[in-house]
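Here it is: the structure, laid out below.
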Amino acid sequence: MKSKKSFLPLSGREFPRFSAIKTFFRLPQAQVSENFDVALMGIPFDGGTSYRPGARFAPSQVREASSLGRSFHLEQNISIFEKFSCADIGDCSVVPIDLAKSYQKIEKTAGQVLETKKKLFSCGGDHSITLPLLRAFKKKYKKPLRLIHFDAHLDTYPAAWDCEYHHGAFARHAIDEGLIDSKSSLQIGIRGPLAAASDLSFSKKHQLPFWSVHDLRSKNLKDLLKKLKWDDRPTYITFDVDCLDPAFAPGTGTPVVGGLTTYETQRILQTLPIKNLVGGDVVEVCPAYDVSQITSLAAVDVLFQMLCRLD
Amino acid sequence: MKSKKSFLPLSGREFPRFSAIKTFFRLPQAQVSENFDVALMGIPFDGGTSYRPGARFAPSQVREASSLGRSFHLEQNISIFEKFSCADIGDCSVVPIDLAKSYQKIEKTAGQVLETKKKLFSCGGDHSITLPLLRAFKKKYKKPLRLIHFDAHLDTYPAAWDCEYHHGAFARHAIDEGLIDSKSSLQIGIRGPLAAASDLSFSKKHQLPFWSVHDLRSKNLKDLLKKLKWDDRPTYITFDVDCLDPAFAPGTGTPVVGGLTTYETQRILQTLPIKNLVGGDVVEVCPAYDVSQITSLAAVDVLFQMLCRLD
Amino acid sequence: MKSKKSFLPLSGREFPRFSAIKTFFRLPQAQVSENFDVALMGIPFDGGTSYRPGARFAPSQVREASSLGRSFHLEQNISIFEKFSCADIGDCSVVPIDLAKSYQKIEKTAGQVLETKKKLFSCGGDHSITLPLLRAFKKKYKKPLRLIHFDAHLDTYPAAWDCEYHHGAFARHAIDEGLIDSKSSLQIGIRGPLAAASDLSFSKKHQLPFWSVHDLRSKNLKDLLKKLKWDDRPTYITFDVDCLDPAFAPGTGTPVVGGLTTYETQRILQTLPIKNLVGGDVVEVCPAYDVSQITSLAAVDVLFQMLCRLD
Amino acid sequence: MKSKKSFLPLSGREFPRFSAIKTFFRLPQAQVSENFDVALMGIPFDGGTSYRPGARFAPSQVREASSLGRSFHLEQNISIFEKFSCADIGDCSVVPIDLAKSYQKIEKTAGQVLETKKKLFSCGGDHSITLPLLRAFKKKYKKPLRLIHFDAHLDTYPAAWDCEYHHGAFARHAIDEGLIDSKSSLQIGIRGPLAAASDLSFSKKHQLPFWSVHDLRSKNLKDLLKKLKWDDRPTYITFDVDCLDPAFAPGTGTPVVGGLTTYETQRILQTLPIKNLVGGDVVEVCPAYDVSQITSLAAVDVLFQMLCRLD
Amino acid sequence: MKSKKSFLPLSGREFPRFSAIKTFFRLPQAQVSENFDVALMGIPFDGGTSYRPGARFAPSQVREASSLGRSFHLEQNISIFEKFSCADIGDCSVVPIDLAKSYQKIEKTAGQVLETKKKLFSCGGDHSITLPLLRAFKKKYKKPLRLIHFDAHLDTYPAAWDCEYHHGAFARHAIDEGLIDSKSSLQIGIRGPLAAASDLSFSKKHQLPFWSVHDLRSKNLKDLLKKLKWDDRPTYITFDVDCLDPAFAPGTGTPVVGGLTTYETQRILQTLPIKNLVGGDVVEVCPAYDVSQITSLAAVDVLFQMLCRLD
Amino acid sequence: MKSKKSFLPLSGREFPRFSAIKTFFRLPQAQVSENFDVALMGIPFDGGTSYRPGARFAPSQVREASSLGRSFHLEQNISIFEKFSCADIGDCSVVPIDLAKSYQKIEKTAGQVLETKKKLFSCGGDHSITLPLLRAFKKKYKKPLRLIHFDAHLDTYPAAWDCEYHHGAFARHAIDEGLIDSKSSLQIGIRGPLAAASDLSFSKKHQLPFWSVHDLRSKNLKDLLKKLKWDDRPTYITFDVDCLDPAFAPGTGTPVVGGLTTYETQRILQTLPIKNLVGGDVVEVCPAYDVSQITSLAAVDVLFQMLCRLD
């Protein structure tokens, strides 16, 4: 009987944290068909990358770094892996050299998870993976989602080299395809330089709000939060680690200086008025450029903070 | 006659800082029996580590990085190596594969230094070394000390793998053995996640106060300081570099994101109402995970800031 | 006809940013004699270094990192490479093992650029290169310049090893030679420790003001700015990347913990009441100690922020 | 029914090699009680290390690197994972800070595997893990084994720091305890310098032969092989990666220059007249000192070469 | 008049080798239409990679490393850049996320170079780039070429993930498309393990000969050379740096231990009876995994050795 | 009485090798005036470097790596530190930014050592330091020495950038100044490419013989040795680590692929008919480019092999 299976992480006080086959947070591996609440999945696809590739190795490295993960949130006072049964469902199958095929596989696999009424949190991969994920979520929830989007970049950029789909265009497609509601969404961590002033046109046209790093540091977070009047539509969080400063996340594909600290993103994730969180992802961890796993550790923390916002 | 010996660091304007056999701050080497005020000692033991080992190489790397160290404190306006005669007494003998034997050696060596009425500052090693050091200090000063404890972790954790003594349990033993006075002590830089809510029980039971990173950033340091009403009992500072964010101290054994900056720890070290400082240590520098020596440089600064708080 | 040449950077949406022969900001290479506004030049000299050498490789690495550079400043709302025609004029010829010969070559080359009425921004090299640059600027502008000097160090230090000229003495010589007006100048990012209290004497004698890191964090930037009553004399900015904390700039020769963040230097560069900016440099990037190019990326940003302050 | 389970590695042509939860050679995980031929196990213990620790992370890294592993041996013309059913049984439980407890756990776990009549190949850990493994093998096979021992060091060294058991003493204990037959054994890759001439006494006394690097390069391998007249006693291979030159295996704890190449160890492993191979291990991979996984890749190859020598 | 342009590399005795904008061998940049003998081109495409991506950064890194390149071949006694006029024509335009588009661009660009009767040597990029290059050469020379193919892998593998074209299939396509004459070709450096015995079927069917590492080390090179009876058809050399051992080329995408040394590949390149060399490439340099540029330096040497075989 | 002082290295079996203040081979520090046989000295000068600087940090890193050094030579059967009393005399004073001043200091310091009838072995520094050393040796021994010169480069190159003295010209000056006897000397490890055929003229003119890597590998070492008919003039060995292949010595300033292995240099150092060895040096270790200390470990071995050739 599946319900008897324990979904608690392997304890570090019994089995040292450097030991054992690596899963997210030392959680058990499970089949999608098993009975648990939250699925953690790797999506090792980086075929939409415009600069440094390598995010395909992120699921493996983030699993490794998550050995240091723990259950109890000091500020929120919850023990997340006791509150929800969570499991590692392994990696989504992808085709490293074909974005279109990979999109189909990601959308299909995510759809299968969502059909079982689980929440789904993914570890990319480059940011192009978020589009097929959102397609699956839209199909499941039948309405445009709220997207909480942490990023240094707007990701509403136009086609590049005659390619519509790439890791800097996912937000544009998500809006154009009606997967997210732009006015209910929010971009966090945006900063320049941009290629041109016209980069902002799409956001303006669709009334997609953003908090730049300068907004966050020159204004009061409480004041910024007051302006948000969010309904209870399903919320999805996508966290591109390049929203963090390269000092805090050197291991990423298109780093931009002048970014956020991990403490700031923790605070934002803890204080945003998120309701009805249905899933999320952390993307653009590029292990070949990481340093002593600090970017992977940040990604682990992001997954943990997200899970702690589940209702 | 020993008193003629100069205890000034080798000058970088005469001898380039990259040259010469490496001692802490380019200070002279000395025997414990010689006549000087402050002894700097390496304790290259990492046999109490639960995750990444390697702190055994810290004394060597910190000596190397301390070649960039200087004497004059800009804010406190003192020239520390002119104020006190300081010397490098080399490394404490340890047994890398036997914690109990190493504890005996550390306690004995520290006791020998303290018997000469010197102040003693050590460079670990993992955090398990602080327990035998505190045993020696307690024996010398004959009463429980105040412990100023910088750390991401509480270090009051229970036995692991049936082992009572490890680098995450030193503070628990120090309290249980009566080496420190928990109510007069303070933990700084604590942050989650924890293994479980019960991790906090020991601190609560013994009224051991802590300032979390969030406390330090959401409250005013002056306000926090006002609550401290400290007597003049002997004070000991232990600084685990993982109180710093991994961006500032990547070279450590159990990094936790969302940590302090070096500037913040400088300010705290400069403004805490420390009296009667008798010793200290900096621990958990793990050179194999360091980057361009930034963790070692932080450790050097910590030693410098500590010395500048000597009366 | 030269005016027909395009001085726009190669577009990343047409040609991927990892491709093409590397120039600063993917700008065209040009001869000094060509018709454009701003010259970007490498000065790969590190023969004045007292600790870690290697800044000779900075121009090459900063060119590489600047492939991620873009044109449009989000806060200042300008597209800098459309506003001014900019070009990469290659590297200044230097003699790696002879400081005096290198000084002559740098001064001469800079002079040739300035004679064409261009603005000149250089990428060092260690900080010793700023002295011959200032000599050329003084000769061109015929009066002492205002120096905006970002640095952890005062660089007014005395001779070392019987050598008058080294990377820690350029500011002293610049004042002694009348190249800059000390009272109209400003040092930013200074922090201790110093070798001795006497290190401050020169600054005091010449009334050279500085903002320490602690000044910047304990006081309000607006208040600090109010005290500046600057005339419109020609302004030159020199940016030693060690003004940044080692977390943000590990790749430098003489790192000092407790430094500025890239966000802070961006804000300062954007808000200082700079008029009549005639040139600048970014120095002390030491690629062999850099990590995933974060120091080079910071240097690229500094060059970008400087260019955006051109009238 | 267990026999239906496939024990073939996950195919790289169906699932990219960078994807999936990491097991040795992408083999299935299995319980010891399941029905298969060869068990692969990690033993993440490095508490017997005298210099650089960190081999506790080797099982994780070697699993990761083994994603590039393949089945078919070009020279031996066998497809090993079709010939034998192999599985990853995870990591042996160890106590990082207690060698004696770890020895008990290793011996017990290995014994349980051997009781099921499986072959057992382990990935250490430091070389101290081989002693409890040999104890288990001796208990199972009821007679002293032949030890094929690849190493730069003799590992017959005396107690250090009053500790009998450490990673440089396992071979001495194995002989003293009658676990191996010294005359039927062979050490390969030995080279100087030694601490003293007396280091060789133990080998001489017990007639334990060795092939130094110089022997292997100045003599003909065929001639060396001719001298071996081995019976069919059970054979165990232990491979310390420091038998390889640091160029081929930088990621190890006590590197010695002048070592073997991976090609040479491949040839030796392929041509030694090994019969009745019952198990083996690869030890002293220290990932924190590795470079682009080349040491882990060498370890993967060693495991592969060993498996291909199974009868 | 173009013929006056000097095609000599910038001298290191006049301009230090660390200075100047980086081109291959410090050669002048030139347009394809200019009058010179040999074109060097970067092809920064890695979209055909099955494991570690990142070869897109190889042209930039190889240009940087080639600053140490020199003209005179000690054994062959020729000064190659005096013998032939060579130039860097920059990078071929590619689309990082679309293999088919990139193939078209590569074939077209190469065709344009060949039309001018120049020899063409390219720096990849992953090995998938060789197929469109061979298509262009076939079109130009109107008959199947001889392919000298250095590699650890056969690259005759079947489709993966339903994709016909990838970096491990170029040789299969080159034969199937009639671009090369398999019997006149040669693969060098091949070694196991393979996925299955069937991996060799294609080579056998097409009588494509190979020299494994073991062949090269167990047989005499002169004997191996005697077997080659080559006509004077146009010869093309493709050099995958993974033919080298990871010790000599850690910076590559799919490393295999037990490989060749740089000395061995130098000797082979110098002694193969190559006639009528018309072009070549060096591929699979992956800078993010390189170490102190040793892989890039090997690639530079390969380009140099190839050039020295031009008639 | 000084003669009572022990000159044995600190034992690793009593004091772990990672502990203690770092000296060469864990030998005692001593004043030149003390009574011992062989002085080991660091010369941290890299001001003569044409490409990658950083050898100034070599003495510190080689001391650190030499903690793994041992006394007994396996092939030569001697315990060197028992045979001769050796000590670390610290670093020679140098001026990092002034080659001429450094030359004076080096020559003077070396002269002082030689006056005490000690042998002197130095750890550079770049190769420019060998010239002032040879000047001191010539002055002491009053006749031209035999120079055994391991190097990838001839170091007889002409002035560069109008500078006569640099790290590639020391051998030319040594011959021109009559410090060495060119015909009795030998260069080992030389390989191309060269800048031009004329690079060989100086050697030819002065009949300075060399063994290229190809000579060493295509000919028999015994045959090469037979040609040497050396008298008993004082012999000096200078070992530039770039004679080694970059795989074996990545941490150097001007690496050249196709080099020697550490085993080969060990064999050469052990079999050359060296008599009357009076001193030596190992140079061009560049720690910032080293990997897990393998270059430093090679340098340690070179010093050890040299010492073992003392009569």
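Residue numbering begins at 1 within each chain, and the chains themselves are lettered A, B, C, D, E and F in the order written.
Basically, a contact is a pair of C-beta atoms (placed from the backbone, for glycine too) under 8 Å apart; a residue touches a chain by one contact, two chains touch by 3 or more.
Keep in mind the model is a prediction, meaning the values are calculated, not measured.
Common neighbours of chain A and chain E under the contact definition above: C, D. A repeat of the C-F interface exists among C-E, D-E or A-E; more than half of the contact pairs are identical by residue number at A-E. Averaging C-alpha coordinates per chain places the centre of chain E 38 Å away from that of chain F.
The set of chain D residues that touch two or more partner chains comprises 16, 18, 50, 52, 56-57, 95-96, 161, 245, 247, 289, 291. Every pair of chains in contact is given here: A-B, A-C, A-D, A-E, B-C, B-D, B-F, C-E, C-F, D-E, D-F, E-F. Note for the complex: chain B touches chain F at residues 15-16, 18-23, 29, 42, 44, 56-57, 59-60, 63-64, 88, 90-91, 93-96. On the chain F side of its complex with chain D, the touching residues are 11-14, 16-18, 67-75, 77, 79, 245, 247-248, 261-263, 266-267, 291-294, 297-298, 301, 304. Residue ranges on chain E touching chain D, taken from their complex, read 50-52, 157-161, 190-197, 199, 212-214, 217, 245-247, 250-251, 254-259, 289-291. Interface residues of chain B facing chain D in the complex, by the touch rule stated above, are 46-50, 52-54, 56-57, 95-99, 101, 161-163, 165-166, 288-289.
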